[in-house]
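Here the chain labels run A, B, C and D in written order, and each chain numbers its own residues starting at 1.
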Amino acid sequence: MSGAGEVRLSDVDAAREWMRDNKSRAPVDKVMSEHEAVARFVHDGDYVSYDLSSMVRGPMSLEREIVRQRRKNLWLAAKFTLLDSTLLVAGGCVSKIDVGFAGLGRTLFSAIETGKVQVIDWSNGTLALRHLAGAMGVPFLPTRALLGTDTFKHSGAKVVEDPFTGKKVCLVPAIHPNVAIIHVNQCDMFGNARIFGPSISPVETAMASKSVIVSTEEIITTEEIKKNPGRTTLPYYLVSAVVVAPHGAHPGTVPGLYTYDSGHLDEFFSARDDATMKKYLDKYVYGVKSHDEYLALIGKEKLQSLRENEMIREGYSA
Amino acid sequence: MSGKPTERNYTEVEFMICLAARLIEDQRSVFVGYGMPQIAAILAQKLYAPRICQVYEYGAIGPEVATPFRRNMMADARNSYRSFAWTTMNTMIATASSGYIDYGILGAAQIDPFGNINSTMIGKDYTRPKLRFTGSGGGNEVASLCWKTILIMEHEKRRFLEKIDFVTSPGYLDGSEQARERAGLPRGTGPHRVITSIALFDFDAATRRMRLIATREDITPEFVVENMEFKPLVAPSIDRLKPPTPDELRILREEIDPERVVIGRV
Amino acid sequence: MSGAGEVRLSDVDAAREWMRDNKSRAPVDKVMSEHEAVARFVHDGDYVSYDLSSMVRGPMSLEREIVRQRRKNLWLAAKFTLLDSTLLVAGGCVSKIDVGFAGLGRTLFSAIETGKVQVIDWSNGTLALRHLAGAMGVPFLPTRALLGTDTFKHSGAKVVEDPFTGKKVCLVPAIHPNVAIIHVNQCDMFGNARIFGPSISPVETAMASKSVIVSTEEIITTEEIKKNPGRTTLPYYLVSAVVVAPHGAHPGTVPGLYTYDSGHLDEFFSARDDATMKKYLDKYVYGVKSHDEYLALIGKEKLQSLRENEMIREGYSA
Amino acid sequence: MSGKPTERNYTEVEFMICLAARLIEDQRSVFVGYGMPQIAAILAQKLYAPRICQVYEYGAIGPEVATPFRRNMMADARNSYRSFAWTTMNTMIATASSGYIDYGILGAAQIDPFGNINSTMIGKDYTRPKLRFTGSGGGNEVASLCWKTILIMEHEKRRFLEKIDFVTSPGYLDGSEQARERAGLPRGTGPHRVITSIALFDFDAATRRMRLIATREDITPEFVVENMEFKPLVAPSIDRLKPPTPDELRILREEIDPERVVIGRV
């Protein structure tokens, strides 16, 4: 029994060959601007995955850059998402979304209701599992979720009998995103990256993806990485580009570092029609050339206060 | 008692949250869904169940969530405060799948007599929904894999339908015996309670249909049933649900949601 | 196509019910002696899994206690093993071994050659994967290893066609050990445990197992756990018993804490016949009543020198 | 040159280790098996390939292994020293399975013409082996999933068999075209080189049979072939393999294995 949803099917052998040939094991300096990283690694029609959400440690500076570079026809993995999909849809970048959690915002839901954006329903868990399958280099993984529901019927999953016990089980196909964008706490120039705090599936997503752009709050030395290897979340060979992006998750929070920008989030959420959303984009995305300019627009004082207002620090350091 | 709601010193959201908080058993694990369930879990832990183990799809195990709570927010430092462990989504789903999670708490837009819920879309054409919602989120996993699912619904007639537009997350499916097991879902799981703004339901063991077991103390069973498109079973004796206590309201209004963004104002 | 090996098959639904009913989510004091833990949680005929190896962070004090209590007919998951299986076989505790890496020692190989112990060949990776399947609550997981080999033929794996691409893939069945024994760096009284350093599959093993005995180098407070949740390896509800066992991995090393006891390891490895092995067991296992007595036998001076001779500390703390 | 080995100032184990170390390409990832491969990887990184990324089944990624090396030891603090990351076995197998590991290096007890290896047992009866070994360990995964596998074998006639007693880890299986792919193994993988104490082999692209390409400089091709039960292909021109250099021997004997437990004494 198969769900009817369109699947971005990928061949595990072709994906392996891509990883062999395009994600080098040479430890080289991968630091570049967000402009260069997005120009090189995000293309029209790509399948794009991100980690966590626009509200928490999301790769917002990279998402804004994707909108700024006017990418088209992206297919998103919305496995735990809040504003991300809304922002990218508002920017006209998206044609399909594998849903998880579609996200929030009238702009997004209108685009789905009018058919401007096609959705394929899964669940957060099965999308994370599809990334895990990609990371494990296997064509599918089994789950006991989705079964019996319309979510299954509209997904691209299958139901089979477990050959060991005869019970029904759901299989979800591996996904190998063209590109993953992941915001991290610390990273060295090679791409060895540290995330502090809980997360969705940064390791699975980076392993499964053909290119990985990491934006980082700060660059640290490889010496520091090597002194505490238990704190490394992503080893360097998973990473294609390293972008330095302090406050890169703004208006969201990076737990333990800065809190979310409540006023800015309200401004975004209140953009419930195309005109208001366009104003938002003109001001915060198209109106600046880079993340640096964006931060200047938000203002040093505001950014400083967001840092001071993050009251919880424990656990968010190496 | 008129049957219709009377003047209250609490909002319907407050009522639902307090009722949910009272249903959470201490020293159990609870998979907490987005929105109202988050507030219910916080309230429960502050007042009734200090040693519940909250778990979240984003990887936090056993946090003592710091307040105030901000609407739409999940996974920030307050949400993850004083956890036992920080992990990832695949670990949390595995934890539920392998039997460690006692309760799940979820909200939904529509529900049918067998506890199947819709949080995906309203309309008949999947490709052109009349109204689109967020989709499953982690809800499908919670409703599939946790032992007992508690559902929270605003009590509006159009939300209680014989047939819902989209089964996002499974209840007892078509209600036939072992329908969940036959579909491949884990044995012995399913919806446990449905909390609404005026009533409480369980599921009849023999028929797996929603059954009214209690109403808010200012509401009659008839009023509850009138305000549902499908007709639930009604238990032989109906309990009366106490309004939010002063303690509950104080914590909700002073500690958890001082700006009353979620709980609203009377 | 199915391998011919006997499988300790377990039903995922029965395992779920066990976890629900027997591994409580109540945070209670689980500290007990190794005698009590083994008496309560290790039974004749049990399927037993451990993490890492006798040489490195192995649960050696618990393994000695199992021998001391003369458990019989255990079925071992030897997924990365060195002396562990040899010690337990020498103690007469074992009837079957799922091999990964059988381990080292003439005693062990003789027992297999004479049919005293039955082996079922897998690989380290597929045994770790079977634990992951158990941990994920799914009946099997796929892999692209084992295929085409005699290891497959003698395992209990199956080959099926991937329903998405038609390629052959190997499925390994979930395992739910009756008991796992895991040595950790730090643990609180409830069972929240920290491991520092790389490892085999402590999380998967603890999640998949019906009972889990953790032996720990030291007890820490739950306050400490809660200050640094990113460092917790096992959450408390996975753990059935907590045994305080400083130097619990002796004669092996706990990286960053103490080095291995080279002389003692040589003594063990040189026991190549039953008589010499019996002497070893009489002296170090049967001849003492507890891990405390064992440590007294090894001697404070020796233990102190093992601590001093561990030269590498970086990375092995919270 | 007599064809028979002459007096040497190095052991056969030292020769194999040095040859393996020279074959390891810098800036590549190498899945390192238990025993001799560990020493070869250390030597390579110290001398020829400072930026290889060693990976180990127990979860270490990119260590700069501290010496001396102790026989039978894997996963201790020296082995894990200055890693890029510390993970677990399932993560490492996933890393190989998804295509990130360029080389695997393994030892074995027996090998057949297609590079299938045995590290499980000698004998015809699986339940009563004449001689039992450790079994696969991580070898099956390494030989299945890494792009190129380098095998290290002592050169004894009884180890090179037309048919080995047990195929622990896959070479080119029955040698037929795409035999690995048809079995389900990843496309484009397989044995790359076989290092012995006197010779070096590759695998013929057309037939996937082992092919002699070089001998130790004091050894003739004829001597190599005589000392194998199966007859390998022989390349049109045979290179001569240099003995261990003074640098290699110094590092092996002074830094890596000063007690010469693994490398032995001349």
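A few points about this structure:
By definition in this document, a contact is a pair of C-beta atoms (placed from the backbone, for glycine too) under 8 Å apart; a residue touches a chain by one contact, two chains touch by 3 or more.
Predicted model, so just to flag it, every value in this text is computed and none were measured.
Between B-C and C-D, more contacting C-beta pairs join the chains of C-D.
Placing every chain at the mean of its C-alpha atoms, the farthest one from chain C is found to be B.
The geometric centre of chain A is 40 Å away from that of chain D, both derived from CA atoms.
The distance from the centre of chain C to the centre of chain D, each centre being the mean of the chain's C-alpha atoms, comes to 28 Å. Between the CA-based centres of chain A and chain C the separation comes to 37 Å, rounded to the whole angstrom.
In chain B, the residues that reach two or more other chains under the touch definition are 60, 80, 83, 86, 93, 97, 145, 186.
In chain A, the residues that touch at least two other chains are 12-13, 137-138, 143-144, 167, 169, 197-198, 203, 229-230, 315-316.
The chain pairs satisfying the stated touch condition come to A-B, A-C, A-D, B-C, C-D. Per the touch definition, chain B reaches chain A in the complex via residues 34, 56-60, 66, 70, 72-78, 80-81, 83, 86-90, 93, 97, 116, 120, 126-141, 144-145, 166-170, 173, 179-180, 182-186. Looking at the complex, you find that chain C touches chain B at residues 12-13, 15-20, 23-27, 134-138, 192, 203, 207-208, 225-226, 229-230, 232-238.
Those residues of chain A that touch chain B in the complex are listed here as 52-53, 55-57, 79-80, 82, 99-104, 109, 112-115, 118-119, 121-126, 128-129, 132, 143-151, 154, 159, 167-170, 197-204, 253, 255-256, 259-260, 262, 265, 269, 310-312, 315-316. On the side of chain D, the complex with chain A involves touching residues 27-29, 51, 53, 60-62, 64, 80, 82-86, 91, 93-100, 102, 145, 147, 186-188.
Within the complex, the chain C residues that touch chain A are 7, 9, 11-13, 137-144, 158, 160, 162-165, 167, 169, 171, 173, 196-198, 227-230, 314-316.
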